[in-house]
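There are two complexes below, and they share chain A, which is joined by chain B in the first and by chain C in the second.
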Partner chain A sequence: MAAETLLETHKLTKSFQGKTIIDNLNLNIKKGDVYGFLGRNGQGKTTTIRMLTGLIFPDSGEVVINGLNLRGDFKQAISQIGAIVENPVFYDYLSGYENLSLMVNLIPGIGKEKINEVLELVGLTRRAKDKVAAYSLGMKQRLGIANALLNDPQLIILDEPTNGLDPQGMIEIKEMILQLSSKKEITFFISSHLLHEVSQICNRVGILNDGKLLAEGDVSELINDSETHSLEEAFFNITSGGQH
Partner chain B sequence: MGLLKNELYKLFKMKKIYVFAAVMLGITFLNLYDYQPGGSEMTVWDFYYGQSVPLSMIQIFSQFMIIFIPIVIADCISNDYRNGTLKLSLQRPIARWQLLSAKLMALFAFIIVSTVLFLILSYTLGVYFIGWGEVTEYLGVSYPPMKGIGVTVGVYALFMLPTMAYGIFAGFIAVLVKNMSTAIIISLVLITVGLNLNGVSAIAPYSLAHHLMYFPEELMQIQGWSGILQNIGVVLIYGVLFAGLSFWLFKKKEILY
Partner chain C sequence: MGVMIAVQLVNILQYQADRGEQAAYLLNGQSYPLEALAESSLFIIMFQAIFIAESIAEEYKRGTFKLVLLRPVTRIQFLIAKSAGVLVCICFMVVFTTLTAYGTGFFFLGWGEQLVVQGEPLFSEGASIYGGEGIVLTYTAAFAYILPVFGFAMLLMFIALLSLNVGITIGTALALFIFAPLLNGEITAYSIVHIMNAFPALFINQEASREILFDTGVIFVYIVIFYIGSLIFIKKKDVLL
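Right, the complex of A and B next:
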């Protein structure tokens, strides 16, 4: 039986100052996926994520989360997801705990005990009372994931989650994603330009180039279909139109 | 309710709020420190009793608010946008109008707290330096102490109306622009231009800058309801107009940071 679709976009299009950044994008993310959204820098990955989270509005097309239209049923649709868009930013004059407390106030039906639970999950309990200004980038990334977990989302959207992290930090984040995916059955949508990293954790990918989705499918299928041996080769083959 | 709680928490965690309170204390202190009622030294003050200090200094309070309000609201809106922290709230199940309402309500709370604080400060310092005295003097009229307190509280309460309208206007500028400093500068430049036009009698009755300086004073002096209602109406129109524009803009605003 085919897995249920959790996130889909239909002909999503967005232009800035007359330039089309996202062009008729049709994404399909199934429940249980760790989906890698691949593309070089400046191809429209963050713009897409901003539309998926309702921060910017498409010129045309729609975003559907678990059967709910993001525009029409915003509150219900957004309740299904957690996200870090671009960088994990917080109020740096407040502690990690205080930042999460602010968010808990905005989520119906959860209490403060949830904060300790998510801090424990991301390994930040010991530093929870420190001001965010004193956090390293890796800690902010973990706090971002804790924030994304607060509402028990079905889907977590991460925008370049390992950007700027040291090798140890990258390993920790990848392990955390895999753990949350397997133990809590959370679906992940991860944008990245780091192909090797994506091939290690994702089961499905979509390849974005010049705002267009060139390919989407299982990692192994894409490698086979493009008659290559790795995701890197498949990516370059697809984005260069088979010239590699 | 959670949104308002958040905005208030963030607001009163800001160090600048306490700097503002210290500035109000310092300037009020300096104004009263050397003041001799009826003395021969050159001064703008002409009151004799400490209980008159809050009313006599209401325009100083007005000037504080003209500067503090754009800073507070620009921090709440433009800075939140620029720092990328606005998206933390916007990714939760709340409507944008609710978030903006909470930010404006937090600003109103700041205005109320500042008003009460200045009243307490100016009464305390007035009594300390000059003594309580026999009457409250305001616009050439003397009120017995109890009535004087009532008039003082009433005047400050009325003054919150144009102050809040100015806050909504500054909030509109903060929604419109992309960073805090630009928002503050635009608000201050526009209100300064407005203050400079206060001398033009054809414009003054319809100018927010005029009402920001003279609203309570005029309400105390105007004879008849039509004049009072006109002044209140003008201030309300500014508030409603800029609130409407702010909500419309904020709903459409694309969050790019």
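Right, the complex of A and C next:
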């Protein structure tokens, strides 16, 4: 039986100052996917994520999350997801716990006990009372994931989650994603330009180039279809105009 | 907050130095809150400007703006929450200023025998106003001050959303406050800065109901126009930081 679609976009288009950044983007992310959204820097990955989370509005097209139109049913649709857009940003002068307390107030039906639960999940319990200003980038990333987990989302959207992390930090984040995906059955949408990272954790990918989705599918299928041996080779083959 | 108390102390000490022994007769503890409110006007406005610039422009720049927008909070609710925050802040500042002014005024000038405004004793039906009646009148004027300040804050909120720049927001507040008194003629009646300065005094003058009605109308026009302007802008705004 085919897996149910959790996030889809229909002909999503966005221009800035007359330049088309995203061009008729049709994405399809199924429940249980760890979906890698690949593209070089400046190809429109973050713009897409901003449209998926309602931070910017498409010129045309629509975003549907679990059957709910993001524009028409914003509150219900956004309640299904957790996200870190670009960098995990928090109030530096507050502790990790206090930052999450502020966020809990914005989510109906969630109590403060949820904070300890998500901090435990991301391994930040011991440092929860420390000011965010004292956190490393890796810890901020984990706090961002804890924040994204507060509303028990079906889908977590992460924008370049391993960017700027040291090798140990990268491993921790990747392990956390895989753990949450398998234990909590959370679907992940991860944008990245680090192909090796993506091939290690994602089962499906979409390849974005110049605002257009060039390919989408299972990692193994893309590699086979492009007659290559790795995701890196498949990516370069596809983005340089090869068949897929 | 410390600045507000410092302003009051400087104001009282300067007043005593200028007026010598007559000081307590011309100004007393029960009258000082009205004086302090007028003297603190610039600080209240600037504090508002900083509060609005920080909570909108700076939060946008820092990226914390989007923390809220990624939650089930509509942009209308977001704007209402920001406006409510501003209103609470204004109320707090007005109450804080008047309460501390009662304290500093009483300590340095004594309570006094009656309410005195700008050196003139106030009367109601031929009798002096003092004590409880004076406090009620003081707080009526103080709360009346909240409304035009909120109208001014809505204007600043619109500027903050439009510019998303802390300097422009605070600079606009300062420029309006400094240059608005230079306006001449009938247009003055529509200046929110002028209304801010004049509106509380209308509640002390018992025959100013027409002016109160007119100014209230102008203030509401400011609030509605700039709130709707902010709403239209924020509903369409692409959050890029």
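FYI, the second predicted complex is superposed on the first by the 242 of 244 C-alpha atoms of A that agree within 3 Å, B and C clash if a C-alpha of one lies under 4 Å from a C-alpha of the other, contacts with A are read in each partner's own complex, and residues count from 1 in each chain.
The working rule: contacts are C-beta pairs under 8 Å (C-beta built on N, C-alpha and C of every residue); 3 or more make two chains touch, one makes a residue touch a chain.
Keep in mind that what you see is a predicted model, and the values were worked out from it rather than measured.
Q: Please tell me, clash or fit, for chain B and chain C sharing chain A in the overlay.
A: clash
Q: When the two structures are overlaid on chain A, which partner does A:Thr187 contact: first (chain B), second (chain C), both, or neither?
A: A:Thr187: touches no partner chain.
Q: Touching A:Tyr93 in the superposition: chain B (first), chain C (second), both, neither?
A: The first partner, chain B, only.
Q: I'd like to know which partner A:Met103 touches here: chain B for first, chain C for second, both or neither.
A: A:Met103 sits against chain B and chain C alike.
Q: With the two complexes superposed on chain A, say which partner A:Gln154 touches: chain B (first), chain C (second), both, or neither.
A: Touch partners of A:Gln154: none, neither chain B nor chain C.
Q: Touch test for A:Asn66: chain B only (first), chain C only (second), both, or neither?
A: In the superposed model, A:Asn66 contacts neither chain B nor chain C.
Q: For A:Thr53, select first, second, both or neither according to whether it touches chain B, chain C, the two together, or no partner.
A: In the superposition, A:Thr53 contacts both chain B and chain C.
Q: Share the list of chain A residues that count as touching for chain B in one structure and for chain C in the other.
A: 50, 53-57, 74-76, 78-79, 82-83, 85-87, 89-91, 102-103, 106-108, 147, 151
Q: Given the complex with chain A, which residues does chain B contribute to the contact?
A: It is residues 2-3, 5-6, 9-10, 13-15, 83-85, 87-95, 252, 254-256 of chain B that touch chain A.
Q: Can you name the residues of chain A that touch chain C in the complex?
A: 50, 53-57, 74-76, 78-79, 82-83, 85-87, 89-91, 102-103, 106-108, 147, 151
Q: In their shared complex, at which residues does chain A touch chain B?
A: Interface residues on the chain A side: 50, 53-57, 74-76, 78-79, 81-83, 85-87, 89-91, 93-94, 98-99, 102-103, 105-108, 147, 151.
Q: For the complex, give me every residue of chain C touching chain A.
A: So the residues of chain C touching chain A come out as 62-64, 66-74, 236, 238-240.
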